[in-house]
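The next part holds the structures, each set out as structure tokens.
The same chain A turns up in both complexes below, where it pairs with chain B and then with chain C.
Now for the complex of A and B:
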């Protein structure tokens, strides 16, 4: 018996630029990112009224943006988050490092918001805003305590 | 529509219970649990709570989902943030209330979450 192989000639000889996207090597991805992806996929299966208050399931736009966050953020700078579904069809990532607390919420319409909180003996102070660039490192330096 | 009334028979020292998804609670490296602000978020813009002294953990959990837990918060915290605790009895639980108006500001929801602690069932 002889082994044979068939090579197929690709029909397309050129590619439109918009077909390309960034590829991240799995070897370069933080181990927690895999767990995060798995949790997100698990939350994607939640039914209507998963929270017992009538919430919609997690929306495709929220899922897409959470996955985009994991593929575009500087993961090497980011500690492992806690991941949760959010009422209305969103997803939330939460970090707490010493006195600093950060929440990033992927809203049902695909927009992304953050709230960062610093706890002091006098009380907590929060600052909130919109996340429009996942590759921005400032917020991660803040979480690590390297920026005020 | 009449203006919702901040229940005069509910004191600042009373405790409100809210049922939340267990994924919304973190255990920090020091062992202290923290609640995420979206525990006080609601699609229908009505934060549902129960007056602790008029109900039981079992009754509140019985109308929830598996793996939900109960967090408690003092009424004073809610009122100091500018919200009312309005009675909204359910057919099977007269202790049901809602926090009004809906806390749209993340910072307010965060403040409520920071002030909340987990309530354990009396018999487990």
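Now for the complex of A and C:
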């Protein structure tokens, strides 16, 4: 006697491939990115003078760009950052991997800048610029030490 | 077509995309070159194409496990999926050997709402052109198994809700209550609910998923109605599509709260006399 079982493809998926509009579903992002989203939402509640030096609250433009970064970047390549509000109304993400430091700052006007630093016995060397394409992988290969 | 006078209507609905589609058995005689030949027919209006992986239909992929052997059986003549992008970047046609879909999307808040009554003739016209193309190339005519209407809605944070604790203000059936006090507030909620459409042997699927679109937190509420037509005549297909759409509209209204209906400005279709 032969037993037969038939397994059908699940009928319902979390994301319908026929959909055209793009969206990043939170159920699909990595756990650290999800936690970052939660922190960003907390920072959105900061009041005026949250740093006791008269800083403005984090601006909606900075919050939006930080969320956009988390939804459009190649998260599989990115280690978990430390996230903090920045005086003046911005947000900062910081990574340290061995001798390399990377800071990405989401400025109050919605622009995004980076500063990357390599620490050597002779001293530190920094380079800075504007981030205009979150899907660019080069900076993450640099952070991993695969690019100079 | 005439809408039922009691069909709900909204002045400012959160719909950002509408999809209509027909699903059928893989076409007999379909060859991969027909994707390009059909593009030649519509290229004036749809100047860009993309080739995508084949989307397995619910009937298309079946894994059979038997005690003597395991066999993976994939039906479908051509394992690719073509997308034809309209010059306006607002309309998309998707074709594979067992599927014909047309999508419309809002690119931003300035784009007008996607009225079904305005989209339906476009879909009917493109389906007619596609069938003429198949006939001219002696490809078997589609025997449509299911007709689909989907509305994708984005309910942005700040519009009726601020945290997931407010979900009961958006979704009528959600209370978020637990029988005890152990569980904290959830950090993520996804809903996937299916209702039968008995009159057409179909289903209405409603999914709710939090997401990020262009840096904006939103709840993606998707309603998909799929109904089985009695035949593949144009009249029957379009009538079935109308029923699917009616289920989407009534289902959307039932699934969401009166609080949100006020925000989206629910109106009486009898008074407006349109759509």
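A few points about this structure:
Keep this in mind: the second predicted complex is superposed on the first by the 123 of 148 C-alpha atoms of A that agree within 3 Å, B and C clash if a C-alpha of one lies under 4 Å from a C-alpha of the other, contacts with A are read in each partner's own complex, and residues count from 1 in each chain.
In this section, a contact is a pair of C-beta atoms (placed from the backbone, for glycine too) under 8 Å apart; a residue touches a chain by one contact, two chains touch by 3 or more.
What you are looking at is a predicted structure, and each value in this text was computed from that prediction instead of being measured.
Of the two partner chains placed around the shared chain by superposition, chain C is the only one that A:64 touches, whereas chain B remains out of contact.
In the overlay built on the shared chain, the residue A:141 is in contact with neither chain B nor chain C.
When both complexes are overlaid on chain A, the residue A:94 reaches chain B alone and has no touch with chain C. Touch criterion met: A:103 reaches chain B, while chain C stays clear of it. In the superposed pair of complexes, A:82 makes contact with chain B only, with no contact to chain C.
When the two structures are aligned on the shared chain, A:128 is found in touch with chain B, with no touch to chain C.
Contacts of A:115 after superposition on the shared chain: chain B is touched, whereas chain C is not.
Considering their complex, residues 16-17, 19, 21, 55-56, 58, 60-68, 92, 94, 101, 103, 105, 150, 152, 154, 163, 187-188, 190, 192, 194, 205, 207, 209-218, 220, 222, 224 of chain C touch chain A.
Chain A contributes residues 50-56, 82-90, 92, 94, 96, 101, 103, 105, 113, 115, 117, 119, 124, 126, 128 to its touches with chain B in the complex.
Of all residues in chain A, only 2-9, 11-12, 14, 16-27, 34, 37-38, 41, 63-68, 70-71 touch chain C in the complex they form. The residues of chain B lying in touch with chain A in their complex are 19, 21, 23-24, 26, 28, 34, 36-38, 41-44, 48, 63-65, 68, 105-107, 110-111, 114.
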